[in-house]
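Both of the next two complexes hold chain A, though its partner changes from chain B to chain C.
Now for the complex of A and B:
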């Protein structure tokens, strides 16, 4: 279930230093999120699609990742055009659809999809180990990096525990439904998950101490200096800065 | 419970990021290296618990359980929730980078409050324990959805109806989280009371 599908590839993006990718995605994501101009938002979306293409990812898998976003967008497309105040575009049976509402929906849709594409192209294309490495090198505190790496390491283990518990419950004839018994069973199951997680944490901690854990994780990944890194970062920062300046001038006109 | 990308305004995103940054700093300060493995593995359990789907009639919702995480971890819940959100973004694309701060505030502030409000009530009597757990679960989701609604409302007053719709949609989730958290806390106190932090 928790798989790093996109992390292994041979594209240009995969070769970039994780640190550069993290910084570039932060810069570009915030520039996109703060953009309030429909035309410029479209340019950001072209940039994000271009990055997805450069990373050589499977298009169907990329679109599948938008599923959680889809429900939110569906909700705002239903509510916003009807409730937003502005010029009335269309009227039927007492409902009125406003132009501003529809424009805002289009803007939100374009911006949210662009930001998620950027994230997929730049961050989801690295392993969590590389992400930890990158975070460490942009001076995120050691403890935070440790938490991310350790949590990731144990997700699959805890998930196995969960599946085992659920299997055991099903063997005993548990059939989930809308009733108190089901909720109680799931509550006990979640509780057992926390108990096992806590007990495992004690054992893991002891094992780490036995092996001389000195509060530091060492990385084995090595990213040789590459001129492409700085060119890429400058390109992204340049593009973001020029689009932000363009938007400021645009408003003044 | 995640707010989507591309909706919130700059000031709201910045406020969220600042609060999340400060909270994470405070949380990390409270975790020493003897406890960090515990926090990390509980964060994994929180991540996995959010994959548990529970039926409500024909539909199903997934558990959130930030109430429990808050009860068990206190301030350390903030970095734990941040970690789980980063990994959810990487694997399932629930939210992205710019809303990370707001999402941390939305999920973690109610969790920490639940810790201080309801932890003292635990263990007094079985009924009171269940009620405290129920309230912790219900309150965290209620407060989270209100924070989420406020983030939208501060972005644009026209989002008022959308915010109300979101809070209303979470009412069944609140009740289910309350029931599940209530039973879960009762179970934990019976089976492994050491996991519940000692009252100061």
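Now for the complex of A and C:
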């Protein structure tokens, strides 16, 4: 269920410390999200495309990952130009398309795609285990790190249990349709899934206690100090900071 | 009086789940000594798993005493100390393997016992090698097959170097090949263990004594009714099994 297609590679981004990559992606995505200038947003998108190229990822796979985002953007493109106040660009049977609305849509599109690219290049290029390790080392509370790791570990088990339940229902002639019986059956399946998940959580906790679990996060990963790490982080932070400053000056002019 | 040979001693243990009148364990007595290899064959729902969980302190008995290495265990703190010496292999390996990779999972116990990172890796690698599964070291736990998961779960328990091992239906859902491997591994251990199983052949191959359970109590060798034999006789066309 959770595919780690991009996690194994030989690019220089794959060799970077997860901690550095997490910090870099947080800094850069915040800077991108808060940017309000169309031209600067385009510079951010160039940076993210550059990072994707550096990570040596398969372009088609990367574009496929944008699919859920496209639906969101499509909705924005339908709603915003029609509802946003501003100068009228085009009239169409009583509908008004405003220039400001279209500009806002372009900005949102560029910014969201660049943030997604950024995370694909920096975060999707590590395994979930390394992500947990990196989060732990930037002092994210252990409970949160455990939540991420446990979710990753058990989401496939829960999926299997759901499939098993659904299969059992289908073998007894269950044919999902638009009727009360189907809704009720799905509600039963969901309820059963919750019951099973909570029972499993209990057993996993017991198993952890049996092996001396004491609420501490231990990890085996080891990342040797690498000069590339600090250079990369300084590069990203420098670029973001200068773009933010540039935007502030720009606004004043 | 402290009996040096006694590893686990349960005296007069009674247990019932909250909201239920049924006594799952009813004044149960059980003693596991050093070098004991005991099997337990009993029907479903007879309280076998509850028994193991009671020994580990996961279920709190209503009455009776639990002694491990001659020490009476009362509270969570007492149990915490013995959990490293008593290893429990769960029925479902998915419950036991919760780390992303195999090596991390096997090293989880040693790290909790206070070993350093390198020591823990070393112990984990040695344990995996001992069970002949060192190839899985960097595999992702949830992608292993059922048999592989069971062996890794066993490795994760053995990595803590327990003095006694409790196994809850270790052969459930395994094919003959993995079963044989399990038999070989268990027979090569020099610690005492207590195996719950449904399979007479398996229990017979790895243990010296076989107990059963009825009405919340343990039945020892001489009281057991279970038997297993195949024969041909006049009344049936095909050979059949009596249980």
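The working rule: the second predicted complex is superposed on the first by the 253 of 253 C-alpha atoms of A that agree within 3 Å, B and C clash if a C-alpha of one lies under 4 Å from a C-alpha of the other, contacts with A are read in each partner's own complex, and residues count from 1 in each chain.
Rule of thumb we're sticking to: a residue touches a chain if its C-beta (ideal position, glycine included) is under 8 Å from a C-beta of that chain, and two chains touch if they have at least 3 such contacts.
Keep in mind it's a predicted model, so treat the numbers as computed, not measured.
Enquirer: Hey, is it chain B or chain C that touches more of chain A?
Expert: Of chain B and chain C, the partner in contact with more residues of chain A is B.
Enquirer: In the superposed arrangement, which partner chain does A:157 touch: chain B (first), chain C (second), both, or neither?
Expert: So A:157 meets both chain B and chain C here.
Enquirer: After lining up the shared chain so the two structures overlap, which partner does A:108 touch, if you call chain B first and chain C second: first, second, both or neither?
Expert: first
Enquirer: So, A:141: does it touch chain B (first), chain C (second), both, or neither?
Expert: Touch partner of A:141: chain B, not chain C.
Enquirer: In the superposed arrangement, which partner chain does A:75 touch: chain B (first), chain C (second), both, or neither?
Expert: After superposition on chain A, A:75 lies in contact with chain B alone.
Enquirer: Answer with first, second, both or neither: which of chain B and chain C does A:132 touch in the superposed model?
Expert: Touch partner of A:132: chain C, not chain B.
Enquirer: If you stack the two complexes on chain A, which partner ends up touching A:172: first (chain B), second (chain C), both, or neither?
Expert: A:172: touches no partner chain.
Enquirer: Now for A:220: first (chain B), second (chain C), both, or neither, which partner does it touch?
Expert: Second partner only, chain C.
Enquirer: For A:212, using the defined touch cut-off, is the partner it touches chain B, chain C, both, or neither? Pick first, second, both or neither.
Expert: second
Enquirer: Please write out, lowest number first, the residues of chain A touched by both chain B and chain C across the two complexes.
Expert: Of chain A, residues 128, 150, 152-154, 157, 200, 204, 208 contact chain B in one complex and chain C in the other.
Enquirer: Which residues of chain A touch chain B in their complex?
Expert: 1-3, 25-26, 29-30, 32-34, 65-66, 68-69, 72-73, 75-76, 79-80, 83-85, 101, 104, 107-116, 118-120, 123-124, 128, 131, 141, 143-144, 146-148, 150-155, 157-159, 161-162, 176-178, 180, 182-184, 186-195, 197-202, 204-205, 208, 215
Enquirer: Under the stated contact criterion, what part of chain C meets chain A in this complex?
Expert: 53, 56, 58, 80, 83-84, 87-88, 90, 92, 94-96, 98-101, 103-104, 107-109, 111-113, 117, 120-121, 141-142, 156-157, 160
Enquirer: Quick one: in the complex, what on chain A touches chain C?
Expert: 127-129, 132, 149-150, 152-154, 156-157, 200, 203-204, 206-214, 216, 218-220, 222
Enquirer: What residues of chain B sit close enough to touch chain A in their complex?
Expert: Listed in rising order, the residues are 2, 4-8, 10, 13, 24, 28, 31, 33-34, 36-45, 47-49, 51-52, 54-57, 63, 65, 68, 72, 79-80, 82-84, 86-87, 89-94, 96-99, 156, 158-162, 165-166, 176, 179-185, 187-188, 191-192, 194-195.
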